[in-house]
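Next come two complexes, and both contain chain A; in the first it sits with chain B, in the second with chain C.
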Partner chain A sequence: MATIYFNDALRLAATSLLDAGLPHKSKVRLIRDVYGRLRFALDCPLADYPLAGLTQLQQAQAALGPYATSAEVLSHDSFSDPKAVFGSTDWHRTLVALGADEDGAPLGIAEVQLLDRQITGQDWLRPPLECGAAHPHRFVFFGLKGGVGRSTALCMTAWELAKRGLRVLLIDFDLESPGLLGLLLPTHKGAEFGVVDWLLEDAVGQGEAILPRMVAASPLSETTVGAIRVAAAMGRGDPDYLAKLSRAYADVPGVGGPLRMGTRMRTMVERLEAQEKPDVVLIDSRAGLHDLAAVSITGLADTALLFATGGAQSWIGYRQLFSYWQHRPDVAQHVRERLLIVRALTPKSDREAIVRTFQRNAYELFSETLYDELPVGQAAADVLFHPGEKDESAPHFPILVDWDARFQEFDPMLRPEGGGATQAQIDGAFGQLIERLLSRLEGDDA
Partner chain B sequence: MSAAPLAPAPVPPIAYEPAARRHMTDAEVLFAAKRLANAGQLYGFVAECGVKALVIACGVKPDAQGGIPRSRPESHKDKHPLRVHLPTLMSNISADSQLIPDGIQATRYLALVPSRNNFHDWLIDHRYWREDSLPITSIHQWRAAAREINAMLDQAKQDGVL
Partner chain C sequence: MSSETKLIRQGIQEAASALDQTQVSARQPPSFTYVPPAHARALDPEATLIEGMRGAGKSFWWSLLASNEHREFVQKNFTEARLPARIVVRQGFGTAFSNQNYPDPETLAQLVQAFKPRIIWRAVIATHARFEGSFAQLTDWPQRVQWIASNPEQFSVALAAADARFEQTGSTLLLLFDALDRLADDWQHIRPLAKGLLQVALEVRSTKRMRCKVYVRPDMLRDEEIASFPDFSKLEAGKAILTWRRADLYALLFQRLGNASQGGAPFRTLAHALAGIPNDLASSAWKVPQQLRTDEAMQEKLFEMLAGKAMGANTKRGKPYTWLVNHLQDSMDQVSPRSFFAALRAAAVETPADDLLPLNYRGIQVGVQQASQIRVKEIIEDYPWVKWVMEPLRGNLTVPCGILDIEKIWKDEQTVSQLEGRLSKQGDAVKLPPQNLDFGTSGILADLESLGILERIDGKRIQMPDVYRVAFGFGRRGGVKPLK
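Then we have the complex of A and B:
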């Protein structure tokens, strides 16, 4: 028998559910455990499921070899509170590619109900439950890697929006690289406490008390009509940041079960919003496929700005992320219209060709993953989400942020003659970004 | 922790996880019938069996019966600190971090049972007591903790730890 690896297990399990003889298919689900092993789970009492079907499932489960958690096929009888287990919001309609037959012809896609129990990363699949709650528009700035000018773009955005009279709240989720927002807030002007402090104090019931002491005004907004309020990762002169960071992601016991990091971060953002009453919120997300990025992109963002540079390698990570969502259509539908791709550090030389290639790659990526598949030879019907390649408001249509040496080690506090930037230079590099964000904000008002 | 093997045979008689669930079902029947004295006794067994199921899943090696062994693995003379009843069981787990091989995993699941010290006034000897001597007003605390234990078992089951 061929060795079964992680990549095969879900496909084999899904294939066995296609058997025409299997009774009550709609009752049969799959639970994948923290090691990646699988069990069938019957959404009914064991006695209500035909014995022949049960035997069939037991055999299929045994055939998964090391990727079967145990011999037991789960049912309502396996749990004390089956309603909670089978009613969990972590179940997702999941599409599984069935591979190819001996001639290489694709075998299609099966749909299963999957409860994926993971060690980390659960938040990539956890869109907020209460979509209707009113809150200011949240822009999340994300990059798969650092060094693409994400934080600089975020600072310039905050400044430009404040110049237009908006009250901007900036929250730093990049806890592993504190201080990146120094452009807006020199360390000695920071607030007494940071985001990391809130996570610790909240765990012992004191989150509320430090909330007013974790936001500081950026000196940049002394000359703007609007305000820039900054909640930094770290408090002013923190004597023990690493000791806090190493505890920040703990789950905290709550009345209705443990409060996970994602839930806690959401609570913190909502409370900061209630306190600061901003017109717009900018969140600096941690780079890479980290849990904090998952919380901010899936759980918080009204718009997630995905920073990328050219070259095939910058698409690999996004393709992985997008196809992960693609296989959970409910999550994909929630997330996809909130995304905007940013072409960062766009060079001046050969610009037109570079931008064209980037745009093409971005369109292909979205078309093949998150956009609805179009019937052959037809344009998108109203029910399908598939913007055209040239649609300038579409998620794939890149926002260009220019590479400009001036902004590499930039101090916005300096006047242009001392190494600062003129308004024209700022508009040149970040104008498109600001305009796209403003039009998203206007879309909210409409 | 390495993954649990498929279908062990022969089957040992002690199985803490189903025992915990059975005690819970029966405790709820007694509770609904206002038979609080024995309901309370069973809520304690729920917690005891649930915690023992967890520590075995976290690497404590069971004896041939499937239960916590009589003595510590490193010494045949010393009684195993986990082969005890509530509330000593909970305090021994808290006191000795070396008791459970995969302590990090155990801590993660014990965090799902924040009320586990609700059994501080529960005793195995209550079964011999006169009904009016029992601290029966504590039954709601015991019941709440037993429910947390069951939710913890459900979680560990989904995760493939049980």
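Then we have the complex of A and C:
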């Protein structure tokens, strides 16, 4: 018998559920543990499930080799609080590709109910339960890798929005690279505490106390109508940042079970919003497929700006993320309309062809993973989401941010005659981004 | 909902409905006319070659310029079109087949058997230039063409004399030619007639007071057998192109809506308040203010007052101003005014009577779908072969699809081999086959592409804009499949 690898296990389990003879199929679910091992779980007391079916499931489970924990099939009897387990919001309708037959013809797709217990990354699949309280529009700035001008774009956005009279709250989630927002807040002007401090103090019940001492005003907003308020990753002159960072992601005991990092980050953002009363919140997300990015994109963002440069790495990474969502259609439907792709560092030479290629690639990525398939003769409408390739408001329609050496080592406090940037130059590089974000804000109260 | 809202909704229907058919430009109120910047250049008598896609307005201007009342409106309100005060406009070929102003296709078919196309067109020129002497006595086309063929030198003399008469009266003769694909039933006969016409149009430019204006589709200008004669580059250099940018479409809407008998007045009040200029309707016709012709941001603000800010609960699904136009684009990003107004009219009809705005987003969605149906119906009327090649594909494909998938269906259904037979049985409708049929299926795909119906991407696949996809019965590929 062929060796069973991670990639095979879920497919085999899903295939075994297709057997027409299997009773009460809707009761049979799958739980995958942190090692990737699978178990069938019956959403009923064991006694309610026909014995023949049970035997069949036990055999199928045993056939998963190293990816089966034991032959035991779980049921309501296996848990002290079956309601909590089977009612968890982490169950997802999950699509599993069944591979191909011997002739290479695809065998189609099966649908299973899967509870995926992961060490990290759970937050990629946790959209907020319907909105909660009203909050200011949250823009998350995300890039698969660093060095694409994400932080610069974020700072310029904050500044431009403040010039237009908005009160901007900026929260730095990039805990692994503190201080990248120096453009907005020189370290010596920072607040006493940072985001990392809140995560530690909250764990011992003191989060609320440091909240007012986490936010500082950016010197950039001294001359703007609106304010820029910054909650940095690190407090001013922190003597022991790494010791804190290594503890920051821990789950914390709570009244109704452990509070996960994602939940805690959301709480912090909500408290900061309540304290600062901003018109708009900008979140600098950590780069890469990290949990902090998962929390901010899936759990917090009203709009997630996905920075990409058009190289193969950009597309491969985003395709992985999008198809992860694609296989959980309920999550995909929740997330997709919040995304906006940004073509970062757009070069000035050969621009038209580069932009055209990027547009096409972005459209194909979104349409093949996150957009709805449109049946023959049917247009996209309220239920079906599939904007046209040239639809300027669509998630895939790239916002162009220009490459401009001027903004690489940029001092926004410098006047143009002293070598700083003029408004026209800022508009040239970041104008599209600002316009698109403003229209998003405006659309909230349409 | 105010009574103004209802009036403006009616006004949108009124503004939209006059644009139903090609021939109506002379029947719509003159004040419904708007001249976009690119079109102003195409109206200038000095622009001889006018390129325009299907639906760009070739026949529209062909018909409108010949109407004195409408031309006067343009002369007065759009001076950038540089139409001289004294001008005689005549139609030298087009779809209003009369045999009076020009030989109809049947007559042309007879004439080409005995005469070169250039001789035929010179006879048309001579007729409208009112050649004197023996020519003036002739009453039918064969006689006139025969005269030109027999009297080559006298033609030049008479042409100069006619030019001098126009010079004396300070007037200009402008001759309009349209619908070149109706010159004959097949490309073999169209090509020499079209080429001869272009040559004669160039010839006429040697006069002072006579000019031709030939409206041509871009694919005909790419045809080597039409556009390859020694001095063609001279025509090409002065070519004007009829395009509709987004701002042009909205300016046209505002021009018409502002002059609608219902809703015109409340709409003008909105427009003037926004543009910050006094609302003084001195004459009987209102002219869309300059800012509302080209400033897209201001246009969008005004359109928001008619259709709201968002295509849904928020702008994540887009904004009406851009959404409407984006969803009507063909594969060359072109939107014909007729599609635009078809969608607007349906949107006005679909919007519930008690809605707070003249148009709501659901109405616009329905409008776009109806415009798609209308668009397909029109293109099939113009090019019946499109129907024969698209019908076998209906319901069978999801775009993007492979070129091979299409070719397989055509092969299985013997679509190509049956095409010409089917067209010849069409009765008196258009019998024209695809221009590149000689190149087989790839020729047909090229022709569909040049009509803006589809687009070939990376050499292997076919993409299709929604404006055609929906009505031609294709699906669109997506990562999230419908629940089974």
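Note that in this section the second predicted complex is superposed on the first by the 438 of 446 C-alpha atoms of A that agree within 3 Å, B and C clash if a C-alpha of one lies under 4 Å from a C-alpha of the other, contacts with A are read in each partner's own complex, and residues count from 1 in each chain.
In the analysis below, contacts are C-beta pairs under 8 Å (C-beta built on N, C-alpha and C of every residue); 3 or more make two chains touch, one makes a residue touch a chain.
Everything numeric here is computed off the predicted structure, so don't read it as measured data.
S.K.: Please indicate which partner A:Asp103 is in contact with in the superposed arrangement: first for chain B, second for chain C, both, or neither.
M.R.: Neither: A:Asp103 stays clear of chain B and chain C.
S.K.: Touch test for A:Ser439: chain B only (first), chain C only (second), both, or neither?
M.R.: The second partner, chain C, only.
S.K.: Determine, under the contact definition given at the top, whether A:Glu409 touches first (chain B), second (chain C), both, or neither.
M.R.: neither
S.K.: Determine, under the contact definition given at the top, whether A:Thr369 touches first (chain B), second (chain C), both, or neither.
M.R.: After superposing on A, A:Thr369 lies in contact with chain C but is clear of chain B.
S.K.: With both complexes overlaid on chain A, does A:Ala332 touch chain B (first), chain C (second), both or neither?
M.R.: It touches chain C, and chain B stays clear.
S.K.: By residue count, which of the two partners contacts chain A more extensively, chain B or chain C?
M.R.: Larger number of chain A residues touched: C.
S.K.: For A:Ile31, select first, second, both or neither according to whether it touches chain B, chain C, the two together, or no partner.
M.R.: first
S.K.: So, does A:Lys390 touch the first partner chain B, the second partner chain C, both, or neither?
M.R.: It touches chain C, and chain B stays clear.
S.K.: Check whether A:Phe79 is in contact with chain B, with chain C, with both or with neither, and answer first, second, both or neither.
M.R.: first
S.K.: A:Ala71 in the overlay: touching chain B, chain C, both, or neither? Say first, second, both or neither.
M.R.: first
S.K.: By the touch definition above, which chain A residues appear in both interfaces, chain B in one complex and chain C in the other?
M.R.: Overlap of chain B and chain C footprints on chain A: empty.
S.K.: How about chain B: which of its residues touch chain A in the complex?
M.R.: Chain B residues touching chain A: 3-4, 6-7, 21, 24, 108, 111-112, 114, 150-151, 153-154, 157-161.
S.K.: Flag every residue of chain A that touches chain C in the complex, lowest number first.
M.R.: On the chain A side, the touching residues are 109, 322-323, 326, 329, 332-333, 337-338, 360, 366-382, 385-394, 439-440, 442-444, 446.
S.K.: Okay, in this complex, where on chain A does chain B touch?
M.R.: Spelled out, the residues of chain A in touch with chain B are 31, 33-35, 37, 39, 62, 66, 68-71, 74, 78-81, 84-85, 115, 117, 251, 253, 257-258.
S.K.: Okay, in this complex, where on chain C does chain A touch?
M.R.: Per the stated touch rule, the residues are 308-310, 312-319, 322-323, 326-327, 329, 333, 362, 365, 368-369, 372, 394-395, 398, 457, 463, 465-466, 470-471, 473-482.
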